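All chains are identified by letter, namely A, B and C, in their written order; residue positions are counted from 1 within each chain.
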Amino acid sequence: MAEFLQLTIYGIVAGSIFSLGAIGLSLVYGILRFPHFAHGDLITLGAYFTLLPVSILGAPPELSFFFGVAATMVVAVAVDQILYRRLRKVAPVILLIASVGVALILRSLVQLFWGAGNQYYSQGIDMPWRLSGVNVKPDHLLIVAGAVILVVLLHLFLQKTKTGKAMRAMSDNADLAQVTGIEVNKVIIWTWVIGGGMAAAAGIFLGLDTRLHPVMGWRILLPVFAAAILGGIGRPYGAIVGGLIIGLAQEYSTVILSPPYKPAVAFALMVIMLIFKPTGLFAGRKA
Amino acid sequence: MSLLQVDQIRGGYGDVDILNGVDIRVEPGEIVAIIGPNGAGKSTVMKAVFGLVKVREGSITYRDKEIANLRPDQIVRQGLCYVPQEKNVFPTLTVEENLEMGAFIRNDDFSQDLEKVYELFPALYEKRRQPAGALSGGQRQMVAMGRALMLNPGLILLDEPTAGLAPAIVDLIFQNINKVNGLGVSIMMVEQNAKQALRMCHRGYVLTTGRNRHHDTGENLLNNREVAEMFLGG
Amino acid sequence: MAGIIEYAMFTLCLIGIYGILALGLNIQWGLTGLFNIGVAAFFAVGAYTSGILTGPPSEAHLGGFAMPLLVGMLGAIVTSGILALLVGLITLNLRADYLAIASIGIAEIVRLFLKTEGWLTGGVRGMEIGRPFEDWLGGNFTLNFLIFTIIVVAIVYVLLEIARRAPWGRVLRSIRENEDATMAAGKSVLAFRLQAFVLGSCVMGLAGAMYAHFFGFLSPEAFRPMLATFLVWVMLIAGGSGNNKGALIGALVIWLIWSGTEFATGLLPADLSTRAGSLRILLIGILLEIILVTRPEGLLSEAGERKRQIAREKRRAGEET
């Protein structure tokens, strides 16, 4: 029982991180119609940007969080406006290839500036609390609480603001959004702001939970894609549920499978979903 | 002056011209129907007016301002709205959010216009919190027209408003078009239901192979033998 | 001088191996429109298969069975083909973008498998397999291997060129251009896609075997899966996808640029040179984006190639009359 609870806690923590990544991926996929392969590297970038104020100014990590998120938003928008925007008129698959290139560019930039080794936000050990045989680290609470706050903010943005509604409208039907008079490029920029910001938060939480490494984001791209597909492309709320399912499934699988194969579980769930219900649990878009 | 004046336009997708010189004008307060066989370029004319198809030659003026090849959002700002064929609501947005999207470019208070749409289509008020995707085909068409009305447009372009709808609902749609026109909004529509469209319109155009074939009042076109043989089933 | 010739031969061998990979990808992406970002998976499976079959007996992992080189190469083709068949049966009905996502999953799982299953592959410690041709023709391994590589590339190129021009290749292209119409014409789209996917993966497996024997040592790190896959993609896109000649020219040009960046970054001050690898990847990434924006059809586009062919035929016809 204690083991099950422990895995559940790990699963919720991992799932929160996957959800944050999957929200942006799902929004971008729904609005721009291509799977953004550089999303994992936006996650990495967010984690490393947050390291900057910590290591240079000695700023507290809580404040650096905002810097990391903001800087990643800027990069996401810049990549879109400089590169993806020029390729929007051609086939979406060209955007896909371009995003694979961006993934490698971002990763090599991280390696150039921060080196290929591991990095940590703080040197100290995060002492876990023990509650009836279950370990909970303070960071775990921070991560889950942070994810919940971000999801609530996202919800308010999507439901209450004109831009958020327009984003959902574009995800529903981009052509109709265009003829309705919605300023498409403005909505796209906002999509990258939200997607980039959420990705950065995922990276920062991942770095807090484990460590910083130049391929940290690429390694979780598969579960993040799986979460987005499970939830239905273009359905940010579905992405949250998808992230939690993938996170929990990966942790529970370690009871019978060797832990390195966790991504295989995400892969299997994703492929099953694609074969039997490609629109996802929450009926996202297929086209 | 005409509200909309389409003058000898040529254009199409890629290198292939679908429109080979089309003239259309719409006067304030009019309903104008465009009919013709499949492939005549009816829907393409609408798309050309709305900047969705490249216009290579000719001019399109709205309130005497050249609008050919502007972006759709720029055209919307001139007071011209377009309701595409079918798939013309945002299915996961509520009815009210759909209407709000129609007012996207407005920064002022549009609650009065919202009221006006609900007055015109009371059925929508009852369903305002439901996702538009859950509505019936006829109600979706109301949402689409209502969304266009949110901008107080001078002219609405309707691309086959009755396509894919049951015959019983078709009458309702035509009634609604009359209601919208009653607000003083001009209508230009492409229709497959040629007979009904000609009956309700002030003037009609018959297009074939991307050119004007006939142009007259709706009534005269209904009585024109050639038109009758071509489209009205004798 | 001898050093330069040696280096040139070494480079040409690698260009040949990458050329084979690019030819394999061209069947999948160029001809059929199958988006595979898991190139490294089939490359690695081929390499390990050949390594286990031909390597010297080892305590640390399965094999080696010290079999002849050709058996190893054949084995590489078969295992990567079987993997492709399994993967293809599950995923080929998916749309191009879903297939792309699925293929990174396969690459990741193969990578984890090679790393984790030490009994089979030697795990992170790697696998020694020795090198063939060490004592042929005066004992210059690189020269011998280069001759061997040229022969293999020529055979693969000719076979694939025949396949591309055959009715089979035309069906693949029609699937890429218009799947529905091809289906309407009574062709089983899934069967053709599966054939193309398996054949392309077999070719990648063969390249893996070549790679294994060229270096005589294998480890999960040796593949740098993302880099290998990425370079092959850049080669195919730069050369012009859909075009076998373009795939080979792309391999040549991109590998030369890739080697060139090694020289360029070698000139950097010592404290930066440790990060030279990242800088090289950065440059290739930027090169890819520039190609995509300015010349998405590649150096030798498929359409351009067809035009040239028609022009040649016209000229020939003109000479005859």
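Quick note on the criterion: a residue touches a chain if its C-beta (ideal position, glycine included) is under 8 Å from a C-beta of that chain, and two chains touch if they have at least 3 such contacts.
A quick note: this is a predicted structure, and the numbers were derived from the prediction, not measured.
Colleague: Give me the chains shared as neighbours by subunit A and subunit B.
Modeller: Looking at subunit B and subunit A together, no chain touches each of them.
Colleague: Mind having a look at which chain is the central one, using mean CA positions?
Modeller: So the chain nearest the centre of the shown protein is A.
Colleague: Would you mind checking which pair of chains has the most C-beta pairs in contact?
Modeller: Per chain pair, the contact count peaks at A-C.
Colleague: Using C-alpha centres only, name the chain that sits farthest from subunit C.
Modeller: B
Colleague: Where the CA atoms of subunit A average out and where those of subunit B average out, how many Å apart are those spots?
Modeller: 42
Colleague: So, what's the distance in Å between the C-alpha centres of subunit C and subunit B?
Modeller: 53
Colleague: Just give me the whole-number Å value for how far the CA centre of subunit A lies from that of subunit C.
Modeller: Here subunit A and subunit C have centroids separated by 31 Å.
Colleague: Tell me, which residues of subunit C touch at least two other chains?
Modeller: None at all.
Colleague: Where on subunit A is subunit B touching in the complex?
Modeller: Touch residues, subunit A against subunit B: 162, 165-166, 168-169, 171-173, 175-184.
Colleague: Over in the complex, which subunit B residues touch subunit A? Could you list them?
Modeller: On the subunit B side, the touching residues are 50, 52, 72-73, 76-77, 82, 84, 87-93, 97-98, 100-102, 104-105, 147, 151.
Colleague: If you look only at subunit C, which of its residues touch subunit A in the complex?
Modeller: My answer: residues 35, 37, 90-91, 93-94, 96-98, 100-102, 104-106, 108-109, 112, 115-116, 226-227, 230, 233-234, 237, 275, 277-279, 281-282, 284-286, 288-289, 292-293, 296.
Colleague: Flag every residue of subunit A that touches subunit C in the complex, lowest number first.
Modeller: Residues in contact with subunit C: 34-35, 37, 83, 86-87, 90, 92-94, 96-98, 100-102, 104-105, 107-109, 111-112, 115-116, 218, 221-222, 225, 229, 258, 260-261, 263-264, 266-267, 270-271, 274-275, 278.
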